[in-house]
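Everything below concerns the one structure shown next.
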Amino acid sequence: MTGQPRYNLTELLACVAAGFIEDGRSAFVGTGFPVVVGMLAQRTHAPGLLIIFEAGGIGPRVPALPISVGDSRTYYKASGASSLHEVMSASQAGYVDYGFLGGAAMDCYGNINTTVIGDWAHPKARLPGSGGANDVGSFVWRAIYVLRQQSKRTFVNKLDFITTPGYLTGPGARERAGLPADTGPYRVITQLGVYGFDDDTKRLKLLALHPGATVDQVREASEFEIIIPEQIGVTAEPTDEQLRILHEIDPRGMVIGK
Amino acid sequence: MTGQPRYNLTELLACVAAGFIEDGRSAFVGTGFPVVVGMLAQRTHAPGLLIIFEAGGIGPRVPALPISVGDSRTYYKASGASSLHEVMSASQAGYVDYGFLGGAAMDCYGNINTTVIGDWAHPKARLPGSGGANDVGSFVWRAIYVLRQQSKRTFVNKLDFITTPGYLTGPGARERAGLPADTGPYRVITQLGVYGFDDDTKRLKLLALHPGATVDQVREASEFEIIIPEQIGVTAEPTDEQLRILHEIDPRGMVIGK
Amino acid sequence: MRDPIENSGELIGWHDPDENRRWVRENKSRAMTDKRTTVQEAVRKFVPDGCILAMGGFGHIRIPMALIYEIIRQRKRNITMLGKTAVHDIDLMIGGGCVSRVEVAYAFGHELRGLSPCGRRAVETGQVKVTGEISNAGYQWRFLAASMGVPFIPARSMLGTDTIKHSSAKIIEDPWSGKPIALLPACYPDVALFHVHRCDKFGNAQIDGIIIEDFELARAARRIVITTEKIIEHEEIERQPWRTAIPFYLVDAVIEVPFGAHPTEMPVTYYFDEEHIAHWLEVSKTPEGTQKYFEEYVFGVPDYDAYLEKIGGKRRMEELKRIMNLQPPSTGEAAP
Amino acid sequence: MRDPIENSGELIGWHDPDENRRWVRENKSRAMTDKRTTVQEAVRKFVPDGCILAMGGFGHIRIPMALIYEIIRQRKRNITMLGKTAVHDIDLMIGGGCVSRVEVAYAFGHELRGLSPCGRRAVETGQVKVTGEISNAGYQWRFLAASMGVPFIPARSMLGTDTIKHSSAKIIEDPWSGKPIALLPACYPDVALFHVHRCDKFGNAQIDGIIIEDFELARAARRIVITTEKIIEHEEIERQPWRTAIPFYLVDAVIEVPFGAHPTEMPVTYYFDEEHIAHWLEVSKTPEGTQKYFEEYVFGVPDYDAYLEKIGGKRRMEELKRIMNLQPPSTGEAAP
């Protein structure tokens, strides 16, 4: 093999994330990467995926990548262009299956921080806060995290601030807090592999490694201990067809070029 | 004087009721009589009256008498045609000044029954229930009652059922129950006269007699004791101009013919 | 915090939010599929005996009459009706023997047109049981709670009255002001029926005029059947997606039924058929007259088209359209 | 019933419902009067120092920029900003020294475009204080509570996190299910500013595209100022009154400001001015650059018209309209 690699990390992550989407379901997407994932799923195995944008866009035929959550492109040729109240209510009522989240840091239970680094009252760095992330993480049946910089600084023992709930302190904690039952983070995708959460402990568990990644790298890039089972899968590489579609979706490489 | 009287009871009541409406205020109106009152007020001293219909009509130029609360005529050339949620919320939030109510029976505190005659579980007669009446009576700043058949059967000591709140059990009772402060029935208009409520006891008090009516008739037509003050006014008779406008509003006498 | 004050009305249509979420997850497809069917099939499939039923529209406005006649024709039984201002719909269905229980905001009356002979007879003889009382705003907010997936919505009406005592609301102290406030429990109807102006085959529906309670009701009900004056292309929805009152993923069945609201009003389209409503109010004064009405207009006709022919067909419907369109500002010069 | 769990966020914008009702009764006229005024006068009159302020729109969508520039120009101070996803608006106003406090759902970031140099600098140095945290849905529902005149709305998000611990929500047991539920206190902004597509001189406003949180916000705020792309005749409102998103009786001032959302997006009308936004993000990296930006685009121009000239005038606005209208379905054949 010579020359350029056939795909970059973003393309790999998009294909992996799209693979978790079942057809005939609904997904909350934010701008950027999640839109690409949703569109890829729609154009491959999940044509019946209902895409919903937090500010009110319902089921658009997204013509080009939206720049903002409320961008007109989020309800271009859509079934509905409504309100935050409508889509957040629908999601609180159980109508939204998937949601994509990112974050500055995560702990072993999948809790996420996007609020502050350091002390809340006197932050070292102030981040934007929850936005709709807490709502998405509270309401969707299956939250999918994409954290492309797994390291000891992002997979941490203790978060400075829990912005968005993962499994909180472990099994049953979401329900005890009053969050909707049977929800929570479903998959975490990083530059190294794909993770789920252990049924008994609700702690992060490795499910599959990306091509070329190793268990040692996974262990090394985390402050907390990641459960490593006996059987570990290997992520499928993007097909040429998937790559072709990704370039169709994002011809200028706004998202997948990164 | 010979021949037909210049006006009938309904016309008198409409003129009296319209007189209580200040300009630049808002009123919830139901179908029938209240619409006539609202339109009369608009076409005389209160052109800036905002008329609101419970099912969503906001500020229509009512072209002809609506038959139902949600009739298209309730939002003909209107500022808004919205929802029960919108107008009920606005009224709960304090935006609606007046509301008109009727009823099968009333007690001395202005509580109204429109639900059952007899026992609730085994009624002698079943009436329609609250509809929006309880909401109107709870939320508007000044409820105006029109009860054209004052008698011992309609002005009663004890209601079979309190559908809509007047002053409940007396001073402060509305606030103690959690109803919005400073609200309650403002005027009661019957075939005999106009009533208000005593500041200290919140019991019904005669304010004015219609032309020809007497205090004895008022006393006679009530099971409970009505407060009769020293000074009692006399209702102004409809002017020719008012009558002309009433006939313009209701040319077929659907409401004022009764 | 003091214990909530309980009231005596039966709790109709409430589900634990988690239970309803699970039901939604398992039973409501998010796929945009062709949902066109027939009135017969929709009623057979989505209006089972014993269900909790609510109608879109309000009073005599935008009532899905084709579906209601079919419910009577299929002799559905033991329906619990949400009397969220239920007028012509509930009156006919009571007359048809379909309804055994009703929670009442407004029922048994026809507004200005008078009381319902049929409905009152049923409730006064015990044939129909009233499960509890509520107000119009109260019902609306029960649907709002369900549409949001929360167990209740707070409200400041009904307090202090027998209406709330016979409701399923609870009263707590507002933890900020300390003042009493009513909590209205969510209400998820098993099925809600709507008649709309325009709808695509997937169920994306547009409504002209006031939407009344339909925004919340459509999002509260577990199953939704929509009849529509006209089925339109999806492209028409796409042109102004902000006009979509009910999005497809809530909808289970779509049927094109022109004049499907007769004899009630279809806003800005056709007016009440006052003659027909008056006829019903007259004949329903006796059980025999009621039965005869159904034999003539429901059992005696195979479907809604035949019914429309019977009430005067195209000519009559054109008249009702004309009355709606006229609406001249009243001048006093001439009666319309 | 157990006592509610309290949280530590400062309670911003809450009023006892009775107190707010009284305010509404005394201060909001229901008369349909001509409310046209100027941007200068509206800001002078309705945006006092120290007020609690919220913007219509969302992020970079439909932001009333003419009013924001004027707030900066008039050197308003000590504003408490509702960060209900506040992006370009709050960033500029912080840069202009107008804002001292913010309750944060989302702030200090520009979504995909990156973080806000100016906003972050202010909060990390203590110039701007964060009063509490909340989520986007949470804020929306705080406005819903206010719009309904109730003290709170229940919600099932934020529970179990530090977001709720730093919010003004309380947690009680749902009296039906026994499960914990968040109560979000009503939020009545002192003033909310909107930019809309069409509005009559009385304030009846139409909005195309998503309405986001504007329905509830407009009904929650005590004072409302509306800028509009175009002032239309009242008759146009009357033709389709169901398109009225904000009815006149809520509105205190109306100003026609074509292109009044620049450089943010006016849905289906004109697109983001990415170049101008990128310019701001670049120059606002330093306090000096920020100051220079204001000298050039705010203090250096007398009004919004002059600003529009400066950013490229009619030609530039036509370009942004063209970008909006293009929106070709992505084919992969050619970049737009």
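Labels for the chains are A, B, C and D, by order of writing; each one numbers its residues from 1.
One rule holds for everything that comes next: contacts are C-beta pairs under 8 Å (C-beta built on N, C-alpha and C of every residue); 3 or more make two chains touch, one makes a residue touch a chain.
Everything quoted here is computed from the prediction, not taken from an experiment.
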## Note on the structure
Via touching chains, chain A connects to chain B in a minimum step count of 2
### Query
Chains in contact with chain B and with chain C: which ones?
D
#### Entry: Between chain A and chain C, centroid-to-centroid distance (C-alpha), Å
40
### Task
Quick one: report the Å distance separating chain C from chain D, using the average Cα coordinate of each chain.
37
### Query
If you average the CA atoms of chain A and of chain D, how far apart do the two points sit, in angstrom?
28
### Residues of chain D whose C-beta touches two or more other chains
17-18, 149-150, 155-156, 179, 181, 209-211, 242
### Query
What parts of chain B, by residue number, touch at least two of the other chains?
61, 75, 81-82, 92, 180
### Message
If every chain is a node and each touching pair gets an edge, what shape is that graph: line, ring, star, complete or other?
### Response
other
### Query
Which two-chain combinations qualify as touching?
A-C, A-D, B-C, B-D, C-D
## Note on the structure
As the complex stands, chain D meets chain C at residues 1-4, 11, 14, 16-18, 149-156, 170, 172, 174-177, 179, 181, 183, 185, 207-211, 242
### Task
Spell out the part of chain A that touches chain D in their complex, as residue ranges.
31-32, 54-57, 61, 63-64, 67-76, 81-85, 88, 92, 111, 115, 120, 122-135, 138-139, 161-165, 168, 173-180, 244, 247-249, 251-252
### Task
In the complex, go through chain D and note every residue touching chain B.
17-18, 20-25, 28-33, 146-150, 202, 204, 219, 234-235, 237-238, 241-242, 244, 247-249
### Query
Given the complex with chain B, which residues does chain C contribute to the contact?
57-62, 83, 85, 104-109, 111-113, 115, 119-120, 123-124, 126, 130, 133-138, 140-141, 144, 155-163, 166, 171, 179-182, 209-216, 265, 267-268, 271-272, 274, 324, 327-332, 334-336
### Summary
Counting only contacts in the complex, chain A reaches chain C at residues 23-26, 48-50, 58-61, 75, 77-82, 86, 89-90, 92-95, 97, 141, 180-182
